[in-house]
Amino acid sequence: MCDGRSRKQRTTSRGDTVRPLSPIRFSLPACRPQAALLALTLGAAPGAAWAQSAVQLWGGVDLGVRHVGNDAGSQTRMQSGNNYTSRLAVTGSEDLGGGLKASFWLEGTVNATGGAFGTGASIWDRRSTLSLSGPFGELRLGRDYTPLFRAFAATDVFGYVGAAGMGTLYNATASTPVARAFGSGATTVARANGAVQYYTPRSLGGFYLNAMLAHASGGPEAADFHFRGVRAGYAAGPLDVSAHAGSTRIEATGKHFKVYGLAGVYTGGQAKLTLGAVRMDYLNARQTNYTLGVDWRVGAGQVRAAYHYVDQSGFAADGSSTRGNDAHVLGLGYVHNLSKRTALYGTAAFVHNQGKARFAVPGGLAGAAAGTGSRGFEVGVRHMF
Amino acid sequence: MCDGRSRKQRTTSRGDTVRPLSPIRFSLPACRPQAALLALTLGAAPGAAWAQSAVQLWGGVDLGVRHVGNDAGSQTRMQSGNNYTSRLAVTGSEDLGGGLKASFWLEGTVNATGGAFGTGASIWDRRSTLSLSGPFGELRLGRDYTPLFRAFAATDVFGYVGAAGMGTLYNATASTPVARAFGSGATTVARANGAVQYYTPRSLGGFYLNAMLAHASGGPEAADFHFRGVRAGYAAGPLDVSAHAGSTRIEATGKHFKVYGLAGVYTGGQAKLTLGAVRMDYLNARQTNYTLGVDWRVGAGQVRAAYHYVDQSGFAADGSSTRGNDAHVLGLGYVHNLSKRTALYGTAAFVHNQGKARFAVPGGLAGAAAGTGSRGFEVGVRHMF
Amino acid sequence: MCDGRSRKQRTTSRGDTVRPLSPIRFSLPACRPQAALLALTLGAAPGAAWAQSAVQLWGGVDLGVRHVGNDAGSQTRMQSGNNYTSRLAVTGSEDLGGGLKASFWLEGTVNATGGAFGTGASIWDRRSTLSLSGPFGELRLGRDYTPLFRAFAATDVFGYVGAAGMGTLYNATASTPVARAFGSGATTVARANGAVQYYTPRSLGGFYLNAMLAHASGGPEAADFHFRGVRAGYAAGPLDVSAHAGSTRIEATGKHFKVYGLAGVYTGGQAKLTLGAVRMDYLNARQTNYTLGVDWRVGAGQVRAAYHYVDQSGFAADGSSTRGNDAHVLGLGYVHNLSKRTALYGTAAFVHNQGKARFAVPGGLAGAAAGTGSRGFEVGVRHMF
C-alpha cells in the first residue's frame, strides 16, 4: 500500500476503471500512521492510498452593484467579480521525490450574478495546467495567463477587474490594435490555450524568467494564431521589476500583433506602488498604455488609487488616423477587510476620452458618442473560500 | 498564521495569484492545535490557514423511469430528479466574529440521465449567492429562488418535481398568464438573477419576512425585466403560514406580471398537511392555482397525496376567452426510505383538463388534443450525498 | 444524530432546503467517536451527520504534444488525454446495511489544452449514474459505457486514447458502419444515455454478465435510438475472456446497427496480452475490427505495442463497394512511471490504408487522399489525482 512502488491504473473484470484515489479529506504523507489511514480505508476508494496526496477545492464569490453613467444614459446592475473574479478551482500536487513535483490546476470563472460560466462557456477558462517542477524550475503545459499579462496586470492595483481596472483601456474600441488583431474577441492578450511554459526556479538571486510558446486553438478563445512571449525580471526585498515582449501571429492575415512592456511594483511598509507601460502594435496602429497605482494599508482597510492612460497613434483599418484618440481613467477605491477572506469594497471610476476614443467603464449603456466620458460607482462584498 | 489579522490576497513574484486556502479536508477552528494543522500544512496551500473554514461539496442523484400516456400516445423515458432534483453544490461560510457571518452557495442542476446541465446550460443554475448575516438578519446577493416560489413550492408535497409536482399547472399552455408574460420560457416564477434579498433574523417570535429586488439579466433565463417580491409569515410550533406578493415588469411590453398568494404548512406527529393558493395576472388573463397536500409518515415510508387545481379566466393574447380552461391534477406517491439519504419511490399522476386546457404530466408525447387528460407513473431511486 | 433512524429532508421556515450533508472531509463510520465528530460539527452543515458517508473528488490531467504527418502535410498540437483522458469526477457510496449499497458516479472530460468540456458541452459526459448493489449484483441507472465498449476497449493496451488507440479504426470514414449508422456523430458505440444496467455479483465463480437497455435521448449524444446490449465473460486467475453483442435501433431509419465481439485479456507476471475482435453491421455495410496488444512491465516503465486492423466489406450509402477499404495501425509506446499517479509517456502510431480507406492518426491535417497513410508521435505527462 505504502511501499512507494510504482503502480499502473487497474481495470476490474467489469471494465470499470478503478479511480486512482479520492484524496479530498486528508493531505496524506506517505505511510501516515493509523488514524488517518483508518479514515481513508473507510472510503470508497478501491485502490491503495497514494503517497503525499493533496487536492484543494477553493474559489471565491464577489458580488456588487455598479452604477454606470455616460452620454447614452445610466444603468445599474449587479456585477460579479468587482474586487476578485468569482471562481471555483480544483488544484493539487504530488511530491515525486528528488525535489521533483507534479501539480495540476483547474480554475474557472463563476459569473455569480446568474451562476453561468465565464469565457466561452468553458468550465476551466481561467487556467487548466499540468506542471513538472524541480531544481530546474517549472515546465507548465495547458491554458494559462501569458507572461505579458502576468506582468502588466500586476501593475493594476485594481487587479484588472471591476469599475476601475486597467482592462477598460485594453479591451475596447475598434480602432485599437487589440481589437483589430483579434476582431472576434478571441485574444492572446490575457491567456493562451495549449501553451508550453517555462519558469525559472526561485533560487536565482532574485532574477526570474517566464517564457511561453502557444498555439491557441482548442478550448475557449480558439482561433488560428501562434503566440510567443517572455518576461524577465528581478524581485528582491520590496522591489519587483520586469520587462516583457511577445508576438502573436494571426494566421488569417499572416501579420503579427506585438506587445512590449515594463512593470514595476514596490511594496514597502503599508503601501504598494505600481508603475507599468505597455506598447502594442498591429498593422499600422499602435497603442501605448500606462498605469500608475497605489494601494495603501490603513488599519483593516486598503485605500487604492490608479491612473490609467492610453495613447493611440497610427491608422485604423479604414485608413483613418487614430492619433489623439486617447483616454484617461482615474480609479479610487476602498476595501474594508472583515477578515482575511471577506471584505466590503467601494470603487469609483472616471473615464475621460479624447478625440474619437470610446473607452468606457464596463457595465454601462451602449451608444455613447465618441469623445464623451463615463463614470462608474460600485459597492459590494468579496468572499474567498 | 493564526492571529486573526486581516490579510489581503498575495501575489508572488511569478504573478501567480496565491489561492487563499484549500479548506476541504477539515473544518478548522481558529488556531486548532497540532494534529489538524499538520495535515493542513502538508497540503499545497501556499497561504496561511484561514480561521474557521468550512466548505461543503454535496448534492444528490435521482433517477427513475416514467411512463406517460395521453391522447397522442404513450412514452417511457428515464427522468432525472423525480423525487429530488439531481444536483451538485459547493457551499461554505465563515464566522466573522460579533455574530456576523459570510457565506456562499453555488448549486446547480445535474441532468443525470445524460450528465448534462440544467437551465440554460449554466453550471450553478439553482443558486449562486453570497450572504452577510448577523443579528440584523441576512443580506443575500445573486441568483436564487424568489420569495414567491419559496412560499408556494413549500405547499407542494411533491416538491415541485416529478410526475405529480405542482409545476405541471405553472409551466404550461400558451393561454396562461405565466406563459404569456414569459413567452421565451425565461421567467421569474421560480428564480431571479442578480437579486438583492433580505431575510429577517430567526429571533422575531416566529415572524419572518423575505424581500427581493432583482434585475433578471445575465446568466440563465436572462431577459429584460425587473422583479420585486416579498413574503411575510409566521412559523411557530407545527404551523407555518405566509402571504406573498410580487411584480415583474416585462420591459419589452412595459406591462407587469403580478403574483399574490397564501401558503400554509402544518407539521404534526407523523403528518404534514399543506394548503396553498396563488393568483397570477398578466394583461387580460388570470390564473389561480390551488394546492392541497398530505405527507404521512408510516414506518420507514412516506405516503403522499396532492390535489392541484388551476382556474383560468380573462382573455388570451388572441382575444379568445380562457374562462373554463381549468385543470385538476391528482398525485399519489410512496417514498420508501432505505436510509436518511437513499430512498425508493413510486408516483402516479392524473391530469384532467377542462375546456381548451392542455396541461400534461411532463415527459409525454406532444400533440395531445385540448381538453384531454394525461397520466403518468414513475419509479426510481434517490440518493443524497 | 447517529441513531440510524431514517430521516427525510427538512425544509426551514425560510424555505431553504436543508442540505443533507457536507461529507467531504472525512469518510465517517456510523457513530465515529469524538475526534472526527468534532470536526464535522464545526462545519456549516445544518443537518445531522449521515452514517458512513464517503464522497470523493478525483480525476486526472494529461497533456502532451502530438505531431501528425500525412498526405496533406504535418501538424503539431498540444493534445489532452493521450495516456489517460483528462477528467474530473465526484463519486460516493453509502452502506445501507444488509449488504445493500447505494452509490453515485459523476465523471466528466476535461479538455485540458483549453479548459473546455468534452462531449457535447456536457459536464458529466463520461458517466452519470446511480447504483443499488447487493448480493444480487448491481442495478445501475444513467449515462455510462455500453457493455460492448467495456469489452472491446479493454483489449486496447492504449486505452482507446492517444495517437495509437484503437479508436482510430472505430470513428472514421463515411463508408464505415459506425459512421453510417450515426451520421451526426451521436453514437451508442461508447456510451448511452438514460440506460438501465445490470451487473452480476462478483461471487459467481468467475462468471460475470453485464446487460444494458437504453433510450439514448437527453444529454450529450442525444438522438432517437434504442440500444440493447449484453456482455458475458469469465475472469479467473490471469485470464479474462468475454463475448458481447448489441443492437441499436436508429429510429430515423428503423434499421438496426449491430455489434458482436470477443475480448480476451491475459495478465501474467510482468506482461498483459490482449486480443479482441468486433464485427459491426449496418444496412449493407460491415466492418470487422481486430486488436492485438501487449503491455510489458520493465522496472518503472511499461512498454506497449498494439496492432489494430479493420476489414470492411459490403456497400456504402452511395452503393459503392467498401470491400478492400481496410487499414492497419501499428502503435508503439513507452510509459515511464514517476510515481503511482504521475508518468511520462511517448507514443508512435503508423496507419496504413488500403483501397479507399481514409483512417488517420487523430490530430492531423484534413484532406489526405484515400489510401494514403498517416504517422503520429506524441510525448507528454499524465497526472492522476
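Should a chain be cited, it is by its letter among A, B and C, assigned in written order, with residues numbered from 1 in that chain.
Basically, a contact is a pair of C-beta atoms (placed from the backbone, for glycine too) under 8 Å apart; a residue touches a chain by one contact, two chains touch by 3 or more.
In this text, all values refer to a predicted model and were calculated from it rather than measured experimentally.
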Task = Using the contact definition from the top, classify how the chains connect: line, ring, star, complete or other.
result = complete
Remark   = Here subunit B maps onto subunit C under a C-alpha rotation whose angle in degrees, rounded to the nearest 5, is 120
Key: Chain centre separation in whole Å, for subunit C relative to subunit A (CA means)   = 33
Ask   = Touching two or more other chains, which residues of subunit B qualify?
value = 24-25, 55, 57, 92, 103, 121, 123
Note = The residues of subunit C that touch subunit B in their complex are 5-9, 11, 13-16, 19-25, 39-40, 42-45, 48, 50-51, 53, 55, 57, 90, 92, 94, 96-97, 100, 102-104, 106, 108, 120-130, 132, 141-143, 193-196, 215, 217-222
Query = What does subunit A use to touch subunit B in their complex?
reply = 24-29, 36, 52, 54-65, 76-78, 84, 88-89, 91-93, 103, 110-117, 121, 123, 145, 150-151, 153-154, 199, 208, 210, 233, 235, 240, 300, 302, 335, 337-342, 380-381, 383-385
